[in-house]
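Both of the next two complexes hold chain A, though its partner changes from chain B to chain C.
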Partner chain A sequence: MRDLKGDNASWESYDQLLIATGASPISPDVPGADATDIFGVSTLESGLNIHRRLDKGGIKRAVVVGGGYIGLEMAEALVMRGLEVALIDRSAQVMGTLDEEMGALVSQALRDVGVTLYLAEELVEFETASGKVTGVVTDKRTLPADIVILGLGARPNTALAGAAGIPLGEKGSIRVNERMETGIAGIWAAGDCAESFHLVSRKPFYVALGTVANRQGRVAGINLGGGYATFPGVMGTAVTKICHVEVARTGLQEKEIEALGLEHVSAVIKSRTKAGYFPGAGEITVKVLAEKGSGRLLGGQIVGKEGSAKRIDTLATALHAGFTVEEMINLDLGYAPPFSPVWDPVVIAAREVAKKL
Partner chain B sequence: MRDLKGDNASWESYDQLLIATGASPISPDVPGADATDIFGVSTLESGLNIHRRLDKGGIKRAVVVGGGYIGLEMAEALVMRGLEVALIDRSAQVMGTLDEEMGALVSQALRDVGVTLYLAEELVEFETASGKVTGVVTDKRTLPADIVILGLGARPNTALAGAAGIPLGEKGSIRVNERMETGIAGIWAAGDCAESFHLVSRKPFYVALGTVANRQGRVAGINLGGGYATFPGVMGTAVTKICHVEVARTGLQEKEIEALGLEHVSAVIKSRTKAGYFPGAGEITVKVLAEKGSGRLLGGQIVGKEGSAKRIDTLATALHAGFTVEEMINLDLGYAPPFSPVWDPVVIAAREVAKKL
Partner chain C sequence: MPTEKLIVIGGDAAGMSAASQAKRRRPDMEIVVFERGPHTSFSA
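This part shows the complex of A and B:
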């Protein structure tokens, strides 16, 4: 143990050890990456740093690098503050955890609020002047920038654990069993440094999300304290929003299904968040994916107006249950005009998939 | 067959017959019940009749008889139009499909928007003048009324079917099998005239709701046309709202569980619709009920601000899956601050129940 406030180091013995070292935002290995006014977002403090910088003034043009959750949410926040916002991503779409046609709806939502997108563009370097960022150079253009936000994902902080001989897994996260115990007896791991298990693919999976970290921590804590608890795994559920457009996903997307060698059918339907005639009914698009033949639900994606995102919970719960899309047709979900069409949009989508099996 | 526009009657043969006679609002058998300005609500037309009467003017004081969905929704609508609204119910609470402490939250929501409640009061008669209603007499008082709305529930229209020898079931509805076929081969029934099956109590059940009628009709239609479809039954899911307060329920309530002779444990928790620090986070109260010992989920009830009601779908889907409250703790539901606390309120409630098993 090293005292971070001094030079003191000491040894401390343990009966049970918990590793909860979290993850760090990925920083790009390109020239200029250490210039000032380039910010990662991972902690409350890093968010406050951006806030303080913006409050200081002189910032008109922001460039967000990366179109995942953090990138999109930062783009929204910067647009709301009145900045001119550009977002670049090396993929041809934002939100890589969505299939292409659903990702396109999110791109449109970003453009609708004024974000300029540069997709399929690779970050090459940052232009700087006196150590301060002034532009973002891609393989296609140079974007002037007063501030840059990095949303390139997170990498588990496992260098120490790995060096100590603790087995690592997906993306360098610490491999754990269902009880959150590592490959070394008496050493446990939980949170963004630890691996998860994907309950649909039945394979190890890494995801850095607060809800997963929180549940893992609870399970590790119970077991450390001599109790018994398990964390069976995740469905890959996630929700976000860009101003008035909500985005949600769960289970496997097309490329994940294909990687498993499974055949699937899917349907994309458009419906309304409330009865069509009810004031405030907004558009909602739902995609449902199922295994060809068996009809086993594999995943779902939602993009729509207020009241859309949390409908993913019905699909996530159905995934936990191992339901087929036919079984979903019989779900007795809540209906009243202020809340839903007679058939809930997620069930409409399941019904369309069932027709194609 | 009788031609309703003339006196002609004729016989028509059939191969397959569908009975879809619906239900009628219950009219109280008390003096004055046929006076003008007393309205039931069952069809679009009956809703329009009330609208037209209000538009004609001279209506200041409304009395709603019955505190179920229709009664509450009409009370809301009349309050929104600026009327003085009183609501009477013979029970000690409104929303008899909720347990007492949850019903009390709904009563409070009604009072908060200005509805005066008279609970545990029996309707005795209507006061009238020149054939027009002028007051509602209960066993405790007389309430002056310019208009009266009846929300006393619905009764299936099955007199003809019963007289024809078709077996009837719960509350006089037409008994059907999973395919919506009646006790007489070749005769089918669907909608508010037909019986359902409760998937938690595993007993016949009658409910007049659009979503159930719609799904029954789909199944009857497929079977009539030579296909094969089943309607396994309902969970008793329902949602409604009173201005900004949303109400939802699914599964069995306490009195239904007791009637089945089951022992149960329950928990009522208060949480927020979004992360507590997020703008617009509102209060949500969730009750979850489970079988003592086994932990099998039996039902759930929700009362809360915007974003509360449709969370019932997670509980309804978990009921379909036969999950225990412990299994619910592992659900991977959507989390982001604009949508939910890290632990969704329905899971917090399930976790509290799991501690008591």
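This part shows the complex of A and C:
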């Protein structure tokens, strides 16, 4: 242990050790990446660093690199602060965890709030002057930038664990059993540094999300406290929003289903967040994916106005239960005009999929 | 029997959830959490 204030090193012995070292934002391996005013976002402190930098003034143009959750949420925050915001992504869509047609809705939402998108563009380097970032160079253009936000995903902080000989798994995360114990007795791991398990693909899976970290930490703590608990796994459920548009996903997306060699049918439906005639009803688009033949639910995605995102929890619960799309049709979900159409949008989508099996 | 000692590296969501669960079940357990940053459990 090294004291970061006094730089004093000390030894601590343990009977049980929990590694909960989290993850760090991925920094691109391009020239200029170590310039000032390039920020990753992973902790409260890293967010505050951006806040403090913006408060200092002189920042007009922001470039966000990467169109995932962090990139989207930061683009929203910077737009709300009145900055000119551009977002680049190497893939042809933002939100790579959504299928193409659903990702396109998110792209449109970003454009609607004034974010300029440069998709299918590769980051080449950062332009700098006296060690400060001044521009972002892609394979197609140079964007002037006073500040750059990195949203390229996160890598588990497992250098220490790896060096100690603890077996690692998916994306370098620490391999754990269902009780969150690592391959070395007495050493446990939980949170963004630990591996998870995908309940739909039935394969090891890595995801860095606070909700997963809380659940894994709880399980580790119960076991460390002499109890017995297991962490079954995750389904990649996640929600976010970009200004007035909510985004949600759970389970497997098309490319994941194809990678497993499964065949699927899907439907994309448009409905309303409340009864169509009810004031304030907004558009909602739902995609549901199910296994061909069996109708087993495989995943779902939602993009829509306020009241859309948390409908993903119905799909996530159905997925946990191993439901088929037919079994979803008669779910006794709540209905009254201020909350939903008579048929909830997720059930409308399930019905459409069931017709195609 | 000497008190069992748990060391937790990282004091955010996973580390603090685990530490609080363990302490609730085993009040006698000595638990030490190390956190690099100035905040613990910042999303809780």
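Basically, the second predicted complex is superposed on the first by the 345 of 357 C-alpha atoms of A that agree within 3 Å, B and C clash if a C-alpha of one lies under 4 Å from a C-alpha of the other, contacts with A are read in each partner's own complex, and residues count from 1 in each chain.
By our rule, a residue touches a chain if its C-beta (ideal position, glycine included) is under 8 Å from a C-beta of that chain, and two chains touch if they have at least 3 such contacts.
Only a predicted model underlies this, so the values are computations on that prediction, with no experimental measurement involved.
By the touch criterion defined above, A:338 reaches chain B but does not reach chain C.
With both structures placed on the common chain, the touch criterion links A:330 to chain B but leaves chain C unconnected. Counting the residues of chain A that each partner touches, chain B and chain C differ, and the larger count belongs to B. Once the two complexes are overlaid on the shared chain, A:214 sits against chain B and chain C alike.
When the two structures are aligned on the shared chain, A:166 is found in touch with neither chain B nor chain C. In the superposition on chain A, A:250 makes contact with chain B only, not with chain C.
Using the contact criterion defined above for the overlaid structures, shared-chain residue A:105 touches neither chain B nor chain C, since it reaches no partner. Contact with chain C, but none with chain B, is seen for A:12 once the two complexes are overlaid on the shared chain. Within the superposed three-chain model, A:224 lies in touch with chain C and out of touch with chain B [touch as defined at top].
Counting contacts as defined above, chain A residues 210, 214 meet chain B in one complex and chain C in the other. Of all residues in chain A, only 1, 4, 12-22, 43-45, 160, 188, 190-194, 210, 213-214, 216-218, 220-222, 224-227 touch chain C in the complex they form.
Interface of chain C with chain A (complex): residues 4-26, 29, 32, 34, 36-39, 42-43.
Those residues of chain B lying in contact with chain A across their complex are 69, 199, 209-212, 214-215, 231-241, 246, 248, 250, 307, 309-314, 316-318, 320-321, 323, 327, 329-336, 338-340, 342-344.
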